[in-house]
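Every chain is named by a letter (A, B, C and D) in the order it is written, and numbering of its residues begins at 1.
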Amino acid sequence: MAEATPARPRPARREGEGAVLFVRDLRTYFYLPTRGRFLRAVDGVRLAVKEGETLVLVGESGSGKSVTVLSVMGLVTAAPGVVSGRIWYRPPGHEDPVNLLEGLERFARFTPGPPVGVEKDNRRWLKWHEAGMRERRGRDFAMIFQNPRNALHPYFTVGQQVSEVIRRRSPELSAGEAVAEARAWLAKVHLDAPAKRLGDYPHNLSGGMCQRVMIAMALAARPAVLIADEPTTGLDATIQSRVLDLMEEMKATLKTTTIVITHDMGVARRLADRVAVMYAGRVVEEGPAPDVLNGRYEIKHPYTHGLLYAIPSAGDIREKRRLGTIEGDVPDLSRLPAGCQFADRCGMKPPGREHLCDAEEPGLDAPVPGHRVRCWRHLRHPSEGGAAP
Amino acid sequence: MLKRIRRALLREGTRTAVLFLLVTMAMFVLLNLAPGDPVALYVNVQNLSPPEVEAVRHELGLDRSLPVRYGVWLSRLVQGDLGHSLRSGRPVTLELWRTGWRTLLLAGSAMTLTLLFAAVTAYLVAMGRHPLWASGLTALGYVLSGLPVFWLGYLAIYLATTRFHVLPLMMGAGAPPGNWAFFLVPVVVLGLGNGTVSEVTRHLRTHLQGVLGEDYIRTARAKGASLWRHLYKDGFVMPLSSLLANKIPYVLGGAIVVEQVFNWPGMGRLTWQAASDRDYPTLLGVTLLAALIVRTGHIIKEAVQVAVNPQLAD
Amino acid sequence: MSRFLELALEPSAWQRVRSWPLHRTVATVFGTGMATLVVGVYVASVLKVLPHDPDAMDLGAVNALPSAAHLLGTDFVGRDLLSRIMVGTQAFFLPGLLSVSVSLLFGSLLGVLAGFWPARFDTVVGLLLQLLESLPKLVLILLVVALFRADIYLILLVVGITNIPAAAELLRARIAVLRRKSYIEAAIALGLPPSRVILKHVLWLHGRGLVLIQATIGMGEAILIETSLSYLGFGVQEPTPSWGNMVALGKDYFFRGELWLSTVPAGAILLTVLGFHLLGDALLERLEASGA
Amino acid sequence: MKCAMVAGVVAGLLALSASGIAGGRDDGFPDGGKLVYGEYGRPATLDPITTNDMVGLRLTELLFNGLVSFSPKNEVVPDLAEKWSVSPDNRVYTFTLRSDVKWHSKAGVGDRTVTADDVVGSLEVIRQPKTLTPLKAAYELVAEARKLDAQTVEITLKRPIVNALGRLSFKVVPTFALKNPDFLSRDDPFVQNPVGTGPFQLSQLTDEGDVVMEANPSYYKGRPHLDRVILKPFADKNVLTQALLFNSADMVVEVNSRDIAQIQGDKRFNLYPYNALSYAFFGHNYRNPHLAKKEVRQAITFATNRQEMLDSFYSGRGALISGPFAPGSWAYNLDVKPVPFNPARAKELLAQAGYSKTGSDGYLQTDEGKPLQFTLKIPIEKENETVKRVALAFQNYLKQVGIKINLEFREWQAWKQDVFVDHDFDMVIANWAFDDSADISTLFHSGETGAWRNNFVGYSNPEIDAMIVEAKTTLDREKQRTINQRLHALLSDEQPYTFLWTLTNYAAIHKKVRHVELHPFKLFTFADTWYIAKKEQ
């Protein structure tokens, strides 16, 4: 794949300078046969993660954060998932990034906006893509899932599941050595009596233990990018904070490039270097964690503002409650309005310029360097001259 | 794991024993509810005077009370003696022995075919591979399940004879050497025509889709591990083993008809013959053996599933 | 809304969504159509609305192929096949319903017992069901038929009994799931008598689909069983037409190349059973998709 | 039909039959080759005593011999007995046995010859109540059997009867080989592994149910030509025909009437007609007041188009009959013609009988205003669908004249119970197979109406009774004939049965088998002379 890239236009690289992973204009649509329309789960997302930093994606469920990372992992193989855009990934020790969606054009004629990707072609591409991605999964990327109890295979012992990853990473190891290392990893994530745990099955373990195993399993792959999808969901409060402690610790010791997905601002606070807020399949705000998460900082997307004042107590993981606090509901992703997606729920439209919100969707732009936001409050429309208010 | 299996076998074994007792009782009561005079089986009663008939009845112990007869019969059964066939006079055990294994051969192969067909179809559908083949096979399964098995048998013979000029019958002593059709055709007919194919396929498909949707499968893929390794146990071994156990009765039933059509000298024909002659001991024997086979299927299933799924252990 | 995205995470979910319009809708439509047709034909035959007298023979025109006079041709004594097929529905209709209701009645009873009070009933019920499962249908039927008489009601009664486990298991599983559902627990916690809860929530809200499924499966089976028995000589006896004995008699001309005679009733069986199967499966899938 | 099968066996073992061309194998025909013949269903037992179906009967013909046998011309010829003498009062028969007849050499039997003990023993075994055999009734006529010396047997009858020799053609079994020498029951190993004197000896009973028989090298008439004869049981008649067409069998003992045309057209096979002395009939139950009326019975016969049924169901292979005697037997009265098909006449007769009012349902009404209807009980014939068709057609014919027939199909055992014990029926369709003694006493004598008696229609007529007794007791063949002729005429007018037809059965045998002669229903009586040309073996 690396050979294929030099031909590619490079602006992408200049944009995502030094990024290990640079996602550009990512779109993941699902075809809804019953409705005969596409569901735009991810609609032109732009993200960049730098070496060793932790990016946190926040947003309500349904905002498309999970689908985004799954697209990166190439786990949205289910036809009729239609993926497009660019995912630039720079493998450790390489100069040139490679496009993980390499060759998409060859299979599916695909223009930005509503996809015309013929399903059949798309399936062919997915096959091809899957082949490429399987190589990277568990090596370049590793993932931690929510609901660890279900995410671990009930029929295999902890030892088997962890050592499987290790042997895949370094096949030269013997089974015995792999198990030994697995044991070491389990110890690293502070699983008590790791030696004994090796032989246990997930159903013998508590939720917290399972999550530790998950984390151990992910880290054991020594991935270039670690992705944690709602790592604390499905655990009760006390366990949650312990898991977070662990993740902080790992972040400090291992310095793995990490993407964390959460709807929980608390989690974001503890782990994030940078934060990207997603809404309706778009990134609406993206910037350094302190700025974005600081309620008083004046550059802020109304949605982020809403989230900040809707921070749930660490214990409360019920989505309903959180949604309640922002009036209205996520728009139907298969029938999106013309203007700003958040318009109809927005309580802080720019005075005097409300018409913009309903007329046209703002781009994701940086009023100040390094902090992008998608809102007319901070951006000016080409039609109006002068600087941002 | 062996310990788990042993425990499971023990549990299943005892249950089987209990069931067996129940089955025998049920059978025995049922048999004795029947109208008509069993003596008529031994002898053309037209030519006997009533006292002679009584003599015969006594001779055969048919005049003793039900519980007594049951007790006697059961104790004999325990020693593997099922009595003598009223028709041929041979020991029922012998009759079952010489026919049983043939039926097992037929039903076993047929069952394997059924599951194979279902597994392939379900896999293709669930994974969305070769959609054409997938729907084709599914449709075929439905059609075959909707047709009477003996009609399929006749069709098979008709095609075999007219198109390929072979007669797919179990010919035994008179068989032309190397005639494999006699084995394959009945197996295919029973395997695909026993009326359960579509159901088995559907069951397997939904199950497989469910498993594919499980989080741990996603985890496996995220690990880049081989999907099959994480799929086969829960996706195939478990459902197939239970389907195997559950569908045995159907296949055994179908075997009765198929054996009749293809002159397959197995338990099915024995059953039919015994049924038409009111051959009590044989009927009992057959029913018991059938029940035994079914239970064995369940025991195997139990062992397999416990071996595969650690959660079942406790 | 968010449901779609959760769905998006699991491939199978998409398969299911996708197979919805193609397979299921077609299946449901076809199945419902066939079922209605059969019922219609049954009613017609009961009301004696037939093209011909099903028993009228014409030894001049036996084994005739379809013609204007006989749309489906005639049988071995020159009786009109179409009429006989129509009347043939009577052979399995009521008996089929009998067997279905038997399996449903006792099935749901046992299922509820085992489902709601596993501690008390699971072993007993389980044993009972396994007892029934252990006896191959056809063997049992042959036994009964030989012992008593080849009466279709009797036969399908046995079928119904042997189907009890299936029904019970289906319901037991449903209940096991539902019991964990908060609203049931809530209802019981609120002091509603369990029986009410069962009836309302389980049997009514979730049992309806079950009834239909069992009905479709049972009917299809009734037909096929009767057919097999007819071949073995224990089925519905002439001159009463049943699809089974029509195929069975037609088969005698099969090897002489006169396939039509047995193929017509076989076709009727195929379409009907197929219809029932598809309908049943569609319903079952819906139940599985909606439930648990 | 099954009824025939049972009756037929009784008859069969008594019947006059023809025996193989006597003398050794100096006929210069080649030895070798095997004959595979297909039967419908497998024989329950292989011995001549307990067996009670035609399959077994035919089989034992290959394995055993009787004291006497018959020539094709129906004369009694010597078999195991080389000569015999009859006492003046026709009650005592003295047989002198051949000294050169060896039992099949089998383990435990060794190399023994047939002695008087075997003959006496066999008879005793048959007569012994513990023995389960359909032959019992047939040998009630024997008062005593005595061994005079090793080769001489004296059999005393209770009363002199015509054709006694014919009745003494029972098969002789080696009583010393029985588990229990004085009776034979089905749990005796002998019934599955019999030892006989016949041209062929049992070599094995395969698990497929095939009965494999080998030539008996020391057969007293000389070794039969065929090396092996194999009985192959089939479960499906249509498939049986297929087996023949595909050379999986060389012979089918009874061809489906609907397959005859096809086989006739096939160059490879010969069809051999054989006529079991039997006929089919509808029996009318005199216990039913309506059927008790002669006109009604006659009307039913007039209304039934027997010829059409014979033609369309049996492709015309057979002949209509007019009376109760075995067609072709000397007692049969050829002057009495079968009742013609004449619905008009039937209606008249019914009118005379007082059934003139036709109900709304199109059926004649009885005085109680119910439709005139009868229940016809039919045994379920798994092996013969045609009976169903006959019943159906019959129902159809009677409908035309306004009589309603309800068909009731009963499982075989139940059918016998209804007909022979409970007499719970209006009409039955059944079939008698006969021996040539033309003894119809059990069928129509008023003393035979009890349970398990053959006069199940409950026919009672002193005149007939008298004639029957007279015919039975007289020893004058001519007188007997005239009486029987009168009986025939009377009964054909009385119509206690609606006499249907006698059928011609066909055996299909591959042309490679030569010199084939068949006995009417035992078929294999002369099998020892059959041969297959060297090049075709």
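Convention: contacts are C-beta pairs under 8 Å (C-beta built on N, C-alpha and C of every residue); 3 or more make two chains touch, one makes a residue touch a chain.
On a predicted model such as this, the values are computed, not experimentally measured, just so you know.
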| item | value |
| --- | --- |
| By mean Cα position, the chain sitting nearest the middle | B |
| Dominant chain pairing [most C-beta pairs in contact] | B-C |
| For chain B paired with chain C, centre-to-centre distance based on mean C-alpha positions, whole Å | 21 |
| Gap in Å, rounded to a whole number, between the CA centres of chain B and chain A | 53 |
| Centre-of-Cα separation between chain C and chain A, whole angstrom | 50 |
| Set of chain B residues in contact with two or more other chains | 35, 128, 154, 157, 161, 214, 218, 260-261, 272, 276, 278 |
| Two or more partner chains touched - positions in chain C | 9-11, 13, 15, 145-146, 232-234, 251, 254-255 |
| Junction residues of chain A - those touching two or more other chains | 75, 78-79 |
| Touch list for chain B against partner chain D, complex | 35-37, 40-48, 50, 52, 55-56, 59, 84, 86-90, 98-99, 102, 154, 157, 161, 165-167, 169-176, 259-263, 265, 269, 272-273, 276, 278 |
| In the complex, chain C residues that touch chain B | 9-13, 15-16, 19, 23, 127, 130-131, 133-140, 142-148, 220-221, 224, 227-228, 231-234, 244, 247-248, 251, 254-255, 257, 259, 262, 266, 269-274, 277-278, 281, 284-285, 288 |
| Chain B-touching residues of chain D, taken from the complex the two chains share | 6, 9-10, 36, 41-42, 44-45, 50, 52, 129-130, 132-138, 185-188, 191-192, 206-210, 212, 230, 232, 234-236, 238-239, 242-243, 245-249, 382, 411-414, 416-417, 420, 451-454 |
| Residues of chain D touching chain C in the complex | 237-238, 241-242, 256, 258-259, 262, 308, 312, 380, 382, 385, 388-389, 391-393, 395-396, 407, 409-411, 414 |
| Touching residues (chain side chain A, partner chain B) in the complex | 73, 75, 78-79, 123, 134-139, 141-143, 145, 147, 150-156, 164-165, 168, 201, 203, 214, 217, 221 |
